[in-house]
Amino acid sequence: MALSKEQIAQRISREIRDGYYVNLGIGIPTLVANYIPQGINVVLQSENGLLGMGPFPYEGEEDPDLINAGKQTITTLPGSAIFDSALSFGMIRSQKVNLTILGAMEVSENGDIANWKIPGKMVKGMGGAMDLVASAKNIIVAMQHVNKAGESKLLPECTLPLTGVKCVKKIVTELAVLEVLPAGGFKLLERAPGVSVEEIKNATAGKLIVEGEIPEMVITSVG
Amino acid sequence: MALSKEQIAQRISREIRDGYYVNLGIGIPTLVANYIPQGINVVLQSENGLLGMGPFPYEGEEDPDLINAGKQTITTLPGSAIFDSALSFGMIRSQKVNLTILGAMEVSENGDIANWKIPGKMVKGMGGAMDLVASAKNIIVAMQHVNKAGESKLLPECTLPLTGVKCVKKIVTELAVLEVLPAGGFKLLERAPGVSVEEIKNATAGKLIVEGEIPEMVITSVG
Amino acid sequence: MINKVVTDADEAIRDIEDGMTLMLGGFGLCGIPENCIKALIRKGTKDLTCISNNAGVDDFGIGLMLQQKQVRKMISSYVGENAEFERQLLSGELEVELIPQGTLATRCMAAGYGMPAIFTPAGVGTEVAEGKEVRNFNGKDYLMEMAFDADFAIVKAWKGDTAGNLIYRSTARNFNPVMAMAGKVTIAEVEELVAVGELDPDSIHTPGIFVHRVFQGNNYEKRIEQRTVTERRL
Amino acid sequence: MINKVVTDADEAIRDIEDGMTLMLGGFGLCGIPENCIKALIRKGTKDLTCISNNAGVDDFGIGLMLQQKQVRKMISSYVGENAEFERQLLSGELEVELIPQGTLATRCMAAGYGMPAIFTPAGVGTEVAEGKEVRNFNGKDYLMEMAFDADFAIVKAWKGDTAGNLIYRSTARNFNPVMAMAGKVTIAEVEELVAVGELDPDSIHTPGIFVHRVFQGNNYEKRIEQRTVTERRL
């Protein structure tokens, strides 16, 4: 069974360690916040200028001056700090943010990522993604393994304009958890429950490395 | 009559225009604050991180957390702002400070200044002087025309290690007010009361330019 | 203290001319200079180059200036949902330069700090790097990006005093402080204009030296772009 | 929130080893980390490279570390009046690198902002420029100066919360915020340690993400270097 978006988010949440500062991209990454395990202290950074992003406000308590990088109304938490955009990308560039989780259209087997532009289509812009992928020590990509036409999005080389080069460390898709090896190649770490290695092979156009028995992911949410 | 330090400061104060942000160096420049004409709104910048430097505190009201770049206890004024050292030199480098007044050991006829180091003597450091002279649009030097041995400090070329090159615009000494011409040379603008052009010539080793009648300075303080 | 107060937005923007380059603070519709944007529309200034993280929406923010075809070029990191923007872009009426958000912020900062250029790894190996100098420091490649050169910076703050000192509120801060430092002329509109002495010197975000004109704006709409809420549980 | 609290100065500096490079906040004796300096003296760490705007006085601040011969090299803009400092310098026991104050601040800032190098006009044409790359932008020469690389930054703040958020007081701010951003490990001593939620998020000068360890210091002397007063007129 391929994972739902919520299940992808849940699986990614287990990569978060106590004491991490984490930047979550738009889409599936945003959902990760819902699954952070109890007892794990994490601070969410929003690149528009906030450390310590809290949940959405209750209706009637929305503050137009308090939004996240997805322009959604949010809240602060005790211990939150506000800063300007230059300082925000300063802390990203100086690698104070421990983990960046973002979506992708394509990832290549050497860790290149494309997630901002499709030639011929209206381009909305890269936002903060190019800064995040160029600077983060630890990048996890949440993405679909194949596109709507059934074509693999894990490729030998990206076909779309790049967002960053050799930066992706780990990928969680509806089918698998994969590590991008420093020398290149997608190393299969875990399978989605009931998904075979063969299915993952068929869905991966780039070099897939399968060593030994591949365990199934532990997913507890029903999605 | 050669000017006193107070009279040099008073003459320099007349170079200050309404609405100026001004950085005053240590020594005679600090005294300039005492002579700012009424009706002229000036904000003093202290490069350790303060805009709107006020007078020294009353005894018993000294605050060890509130000092100027000379490490003297001072006060703030209504409208003062505090900032860090990087921002402070940011505003200096981006030329938001309209006028810098500082002392010098030597100035050359092309506007080079030396004021931080004497070979063979213990060097205390340049502090913020190199940043100030490299960035300021408008630099006035307050200095003695000759040293204790009677040797001119206004030279064809500086003999001491430089603080900055081609940056000094105007010089006020105990004998004269001089402009450093863009093409080089000290243009004599004003004489100290009772000081002859001949005396100034004798005290100036660099190229002195004397055109027409040279007026006497108007000095009202008794010094 | 030096008094920076002007009457209103129209006076503040009086000398912004056709063809100039403007920085406009804000992130999405959060913290944008609503009053000055409306005044620019009243004035009808044309052929503007606008440096702003986003381009507003069809009927708010910079989107209103796009409707009036006042903008020749946008320099932004994300232009979002804006039908008129898309129409002008596809028809060639509007030029767009998309740059990474951190690069946008840091090119403003460079200008404010008097640094002619900065190095950032953002965009290395991508089309953003085309035509730019790449330089390796300690084994990592960086692009050399140039400081912005803007005729005017227009920012929105929460409180300001008559000397131009500014305090922003919450994430409406965003690009405003770095742009405030970066304009040749900086205009600040504030929700509340106070006398000097009423702001705590330690809490000022933008020292007045960077601000040339300040005025109290009015009728702030503060539109919310993505209203997201948590269900109340009884 | 992530808890950054350590017991005291001794615990905060426990792993500072001989030969390391430290940044120490403060301007003169204003805003210096008094507790950590005393703990470094107790620990007896040697061969330190200290990046600090000044070097203290004979019997206070970094001067105390000089007395114990713990410092191999000072990187400062102004070393002032300090007899023991002068003795060690002239005898060759101590190395001193004097750099412009703005360059010092901006090399800290570069590290904190993840920029490997910055351009500044300070020192062009002087001995400070020796061996450095000079580059012309828009007709003006600039030196390329490298970001500092410090093992530890030790700063002093007025208030801090348990998550490491810091607020400085008055001109005791000085180099502290830029150094706090620039250390591989940043230690903050504060006059008052408070619970998270007690500091206004809009008024925080150093966000906690930059601070690895925070503790409440004690017995602050806050010595005044130049006591200057205005005569009271009756």
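The chains carry the letters A, B, C and D, assigned in the order they are written, with residues numbered from 1 in each.
Please note the rule applied: contacts are C-beta pairs under 8 Å (C-beta built on N, C-alpha and C of every residue); 3 or more make two chains touch, one makes a residue touch a chain.
Note that the coordinates shown come from a computational prediction; the quantities given were computed from them, not determined experimentally.
The chains in contact with chain B as well as with chain C are D.
Distance from chain B peaks, on a Cα-centroid basis, for A.
Separating the centre of chain C from that of chain D, both taken as means of CA atoms, is a distance of 33 Å. Chain centres here are Cα means. That of chain A falls 37 Å from that of chain D. Measuring from the averaged C-alpha position of chain B to that of chain D gives a distance of 29 Å. Each chain gets one centre point, the mean of its Cα atoms, and the points for chain A and chain B are 57 Å apart. Shown for chain C are the residues that touch two or more other chains, namely 106, 109, 113-115, 120-121, 169-170, 173, 201-202.
Counting only residues that touch two or more partner chains, chain B has 76, 82-83, 86, 89-90, 92-93, 135. Interchain contacts (touch definition given at top) occur between A-C, A-D, B-C, B-D, C-D.
On chain C, the positions that touch chain A within their shared complex are 27-31, 53, 76-80, 86, 89-90, 98-106, 108-109, 120-128, 158, 169-178, 205, 222-230, 232. Interface residues of chain D, counted against chain C in their complex, comprise 106, 109, 113-121, 137-138, 140, 142, 167-170, 173, 201-203. Those residues of chain A that touch chain D in the shared complex are 19, 21, 41-43, 45, 51-52, 76-83, 86-87, 89-97, 135.
Chain A makes touch with chain C in their complex at residues 46-50, 55-59, 62-74, 76, 82-86, 88-90, 92-93, 112, 122-131, 134-135, 161-165. Chain D contributes residues 1-3, 111-115, 161-163, 165, 181, 195-197, 201-202, 204, 207-210 to its touches with chain A in the complex.
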